[in-house]
Amino acid sequence: MRDPRPTPPEGQQVSNETTYGYFGPRGTFTQAALAAHLESVGAADRLDASVPFATVTAVLDAVQAGEIDLGVVPIENSVEGGVSATLDALNARDELYIRAEVLVPITFVLAARPGTTLESVRAVGSHSHAWAQVRGWMEANLPAAHYVPTLSTAAAAEDLSGLDDLTYQAAVCARMAADTFGLEVLASDIGDNASAVTRFVVVSGPGHLPAATGADKTTIMLFQHDDHAGGLLEMLEQFAARGINMTRLESRPTGAAMGSYGFSIDFEGHLDDARVAETLMSLHRVAARVRFFGSYPRADARPAEVVPSASDESFADARDWLEQLRTQG
Amino acid sequence: MRDPRPTPPEGQQVSNETTYGYFGPRGTFTQAALAAHLESVGAADRLDASVPFATVTAVLDAVQAGEIDLGVVPIENSVEGGVSATLDALNARDELYIRAEVLVPITFVLAARPGTTLESVRAVGSHSHAWAQVRGWMEANLPAAHYVPTLSTAAAAEDLSGLDDLTYQAAVCARMAADTFGLEVLASDIGDNASAVTRFVVVSGPGHLPAATGADKTTIMLFQHDDHAGGLLEMLEQFAARGINMTRLESRPTGAAMGSYGFSIDFEGHLDDARVAETLMSLHRVAARVRFFGSYPRADARPAEVVPSASDESFADARDWLEQLRTQG
Amino acid sequence: MRDPRPTPPEGQQVSNETTYGYFGPRGTFTQAALAAHLESVGAADRLDASVPFATVTAVLDAVQAGEIDLGVVPIENSVEGGVSATLDALNARDELYIRAEVLVPITFVLAARPGTTLESVRAVGSHSHAWAQVRGWMEANLPAAHYVPTLSTAAAAEDLSGLDDLTYQAAVCARMAADTFGLEVLASDIGDNASAVTRFVVVSGPGHLPAATGADKTTIMLFQHDDHAGGLLEMLEQFAARGINMTRLESRPTGAAMGSYGFSIDFEGHLDDARVAETLMSLHRVAARVRFFGSYPRADARPAEVVPSASDESFADARDWLEQLRTQG
Amino acid sequence: MRDPRPTPPEGQQVSNETTYGYFGPRGTFTQAALAAHLESVGAADRLDASVPFATVTAVLDAVQAGEIDLGVVPIENSVEGGVSATLDALNARDELYIRAEVLVPITFVLAARPGTTLESVRAVGSHSHAWAQVRGWMEANLPAAHYVPTLSTAAAAEDLSGLDDLTYQAAVCARMAADTFGLEVLASDIGDNASAVTRFVVVSGPGHLPAATGADKTTIMLFQHDDHAGGLLEMLEQFAARGINMTRLESRPTGAAMGSYGFSIDFEGHLDDARVAETLMSLHRVAARVRFFGSYPRADARPAEVVPSASDESFADARDWLEQLRTQG
């Protein structure tokens, strides 16, 4: 249960000077995510001063360089899966941490310049992830249209609005992008999966770990010593042994060789929870490398379910008992 | 060690009428994979009669419809990871099976119309996966060039060769594509990872399971009953309990909800190996669903390492012993 | 729920010629167990023809030699644990199998020759296992009495009745023994644990495996290849992986070296249950040796709880699916 | 490798006033164990002042009551297994701890009053554990002799020497007992297992935890919350997860009900080793109860093998890393 009037969690206080960047241009779902996040921390007025960047990489570079305080990028789509560019870019930068997450329902429209009819659409521009999510609608309604890849859904809309020699007549994008760039909506809710959601993360530099709220997530990347099935098993057992639920598991190739993977993992709990601290230390011991990307409040504010043997009290009792053994045993 | 003169494995005999399709256009790495496969089964002369398709989906549809006997598509890149389009398209079709795999080293060139200088390149077209693999070179050598996404690397080259109003002046593609479409190579070996390899699979309809060779792989997709950490653990333990090495593990969202995954897995061994048969049956019992994509010879012909307790002999001994217990126990 | 009128399970038909032996002398709890067993199989009239033997070993030798058809021996006490002599004697004989189990509540009396007073008892004879179970009563009521070990509780009573130069004046034994040998009961229900139960097994030679009833137990002895913690873990995981409950786990030294153990195990289910068959075969593969001691109906007739994924149907479905893959995959 | 000149480990300094008790009478293997232990701590002169007790329980009661400082009792026999009386008596007393272990090779002799011939032996007295270890020899050499149970092997010898109306003519005991009580050895080395060894422990009250030596053992008793196979598995996984070898595992009934067990366990390592401390705390969290019986130097001085991920350094590194995350993450 959260207070309807948003109070920013400790460590996330936003001042008038806090600067934000996002994967743009204006009109992307990422901008919508940023808007929702600012709303939740009581800083909706910072949206206009936020800076759009052309790529996920550019957002993260700007955070790393200190040009902006916080950057918003997509990390996971309920239909298409992990956003590889974001996962890989985070892995490649040692000083970036996730401070918050935002869930945004994804609904697509088909937009075109005013006056365009559906019948006249012979090609459609969009980002390949969006295209993948409207294939069914396209096959049913525009079977002859061919696909033109673009850098983002908003870029498809922006170009359609501004450029004259385009090879496509309609864009698949968010309604916000259609509005932003003065396009007309030919069809709405054209996504094949009505419950599609994209998860975005708010990223900053080091030193701002949010306080534990009881409803937190932690994100890490695990690399195993060698690539045998048992290695992953041994690492996953560390979570199971302490009753910790994973909420996301993505394999990412390390690039070293075919079959060499790292595992990008979200799990319930905060670095300051005893079960999480011990799990992280165990992983540090058995994995080749553990990259910690931060602990932060869950977007859905759902408290972690903790079995009695994994509660902070249980860990504290065990430590007291051990100390007693040292002196009285 | 394989005979240098290729003998097609049982079940893969290629007749003069066998028809092939691939993810085209001509000049893609997929066509190179098909060429290597045909060479290995002694049917190099079938290359010219093979049909390029515009998308991975189109190749698989053609196999499913019986328009072609075998289709070649990329499934995994050592740098970028699983090819989502292929994994998802295979999952969506019940009657397709993998019959062989091909590994192709990936080396990129920067190609342009004859007479173009590197300095005059302001934009570069390519598939987003290829672009991801040359980012380092681009930043060092063409930092100002912007990226234009295309449907494939070969499409970038083909369009560059044939269309006049393009928004890019150079393409990142395979040398074969540059040659095919009459482009000049401005720079070669521009991939950031010199050992990049892409894995392709040869797909057919049902009823052609290749015989076991002792150096085989099996590909499956696993769906768990509910999305708890323990569920994946329980499934992975089935492999570990029988000494089976996994060679690829990819999570793919099921689309049902955020955090709902299936796992695309390659592992060592063949359906006809006792340890594999029992593992598959166990997974069938504990998983919500197991989709079997076939057992096929490994491209590198490396025999599986089998611990004594997981050998066919050990399974046969155990069965004999059990039968004895039934009558003499 | 079992029919109140006992019908002998298939494979346990008792004819007029079936001969029984038991760990005697008359009056032991083992004779009581035999009586209960004969009652349950509708052959109460065979009790008188049954033969007492002086030791557990002698009973088992007689079965092995074919002198008797079935022998009854204690195998486990709820207070004292496994009866080592029985476990070790069964292990040492390859051709003996457990066909039934009997549970007998254990209540002890203190018995003496008629006329003896409690005050005059300075020493008490009994089997060491019985002595262990009445220590509390003895300390409270006869603190000065010292203990004289005997071969069995009934032997203590029999000797007390028949021999004159005994070093003890009272015996701890079953009421049946006091009655049998004409002793007077000085105190009854003197056991420290009111719910003490001893489990007895009915043993025969090979070839009489009882049919599965749905409420069965199986007894085995496991020997690991080498004595590391992981070895036992790997064996126990075979049970857990198929949802099989263990009801007894006893470690027994192999005698080879300090720290070299075998594990005597009872678990729910019957050799003819698919989950049990596969577990036994798995153990056969990973253990150094598995000794099967039989599957037999549970004394308490409680049906095994079987998770859906471990049911016979689930195993049959998995096999059908696999067969389909072989031809249609 | 140990220094030939024994130096008492820290925490085990023996003064002139330190008093010892043992499971007697004189002449038992336990006295031999005490002699070996005193030798190893440079206090051989304390043997004469040591007190024999009639039972294991009496030794432990005397330690608990402070009548003696240290007590020596058998805990495990390589042929017969755990000494139930000792395990159960330790479990029943909260304030007793194991401070050292001693291994004594067990060789039996058949002893009788001077002048007795082998042929005249019609009955043999001994403790039932000893009798179990000479059965083979007896069957081969004295097949007609029957067995008379006694309280200990030394008691059999002592009684044979001192009492006139005995029911046996020879005793199975240690050579030391035969010598002590003036008996003649009719046969020696009559044990069926030439490598039989018994392990004894030196027990004291609280507050004397020996320092870690790098070659230590720890003894605990584990009780699970409920008696499912998974419960034991979960507890054993705590050891395996930290690379800890168990050297003894004994199940002991709790007495509460048939099938309710505790597990008496010895494992490698010392309370002050990081991997042991974390394992103990984990067990404390998941088990119903953990009883710690002490950490003490191994009799064979063999250093524990520790995998790199379980070393004290690895634990310290992991803690440092976690602390860094708290401030810099």
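Remarks
Each chain gets a letter, A, B, C and D, in the order it is written, and its residues are counted from 1.
The criterion applied here is as follows: a residue touches a chain if its C-beta (ideal position, glycine included) is under 8 Å from a C-beta of that chain, and two chains touch if they have at least 3 such contacts.
Chain identities (UniProt): A, B, C, D = Prephenate dehydratase.
Values in this document were obtained by computation on a predicted structure and should not be read as measured data.
If you take chain C (Prephenate dehydratase) and chain D (Prephenate dehydratase) together, no chain is in touch with both. Over half of the residue numbers found at the chain A (Prephenate dehydratase) and chain B (Prephenate dehydratase) interface occur in both copies, marking it as a same-residue contact.
A straight line joining the Cα centres of chain B (Prephenate dehydratase) and chain C (Prephenate dehydratase) is 58 Å long. Centre-to-centre spacing of chain A (Prephenate dehydratase) and chain B (Prephenate dehydratase) amounts to 27 Å, using the average Cα coordinate of each chain. Within chain C (Prephenate dehydratase), contacts with two or more other chains are made by residues 237. Taken as a contact graph, the chains are arranged in a single closed ring, with each chain touching exactly two others.
Contact residues on chain C (Prephenate dehydratase) toward chain D (Prephenate dehydratase) in their complex (touch as defined above): 54, 57, 76-82, 84-85, 88, 103, 128, 132, 147, 149-151, 165, 193, 195-197, 199, 228-230, 232-233, 236-237, 239-240, 244-253, 255-261, 267. Chain B (Prephenate dehydratase) contributes residues 97, 206-207, 209, 237-238, 241, 271-272, 277-278, 280-282, 284-286, 292, 294-295, 309-310, 314-315, 317-319, 321-322, 325-329 to its touches with chain C (Prephenate dehydratase) in the complex.
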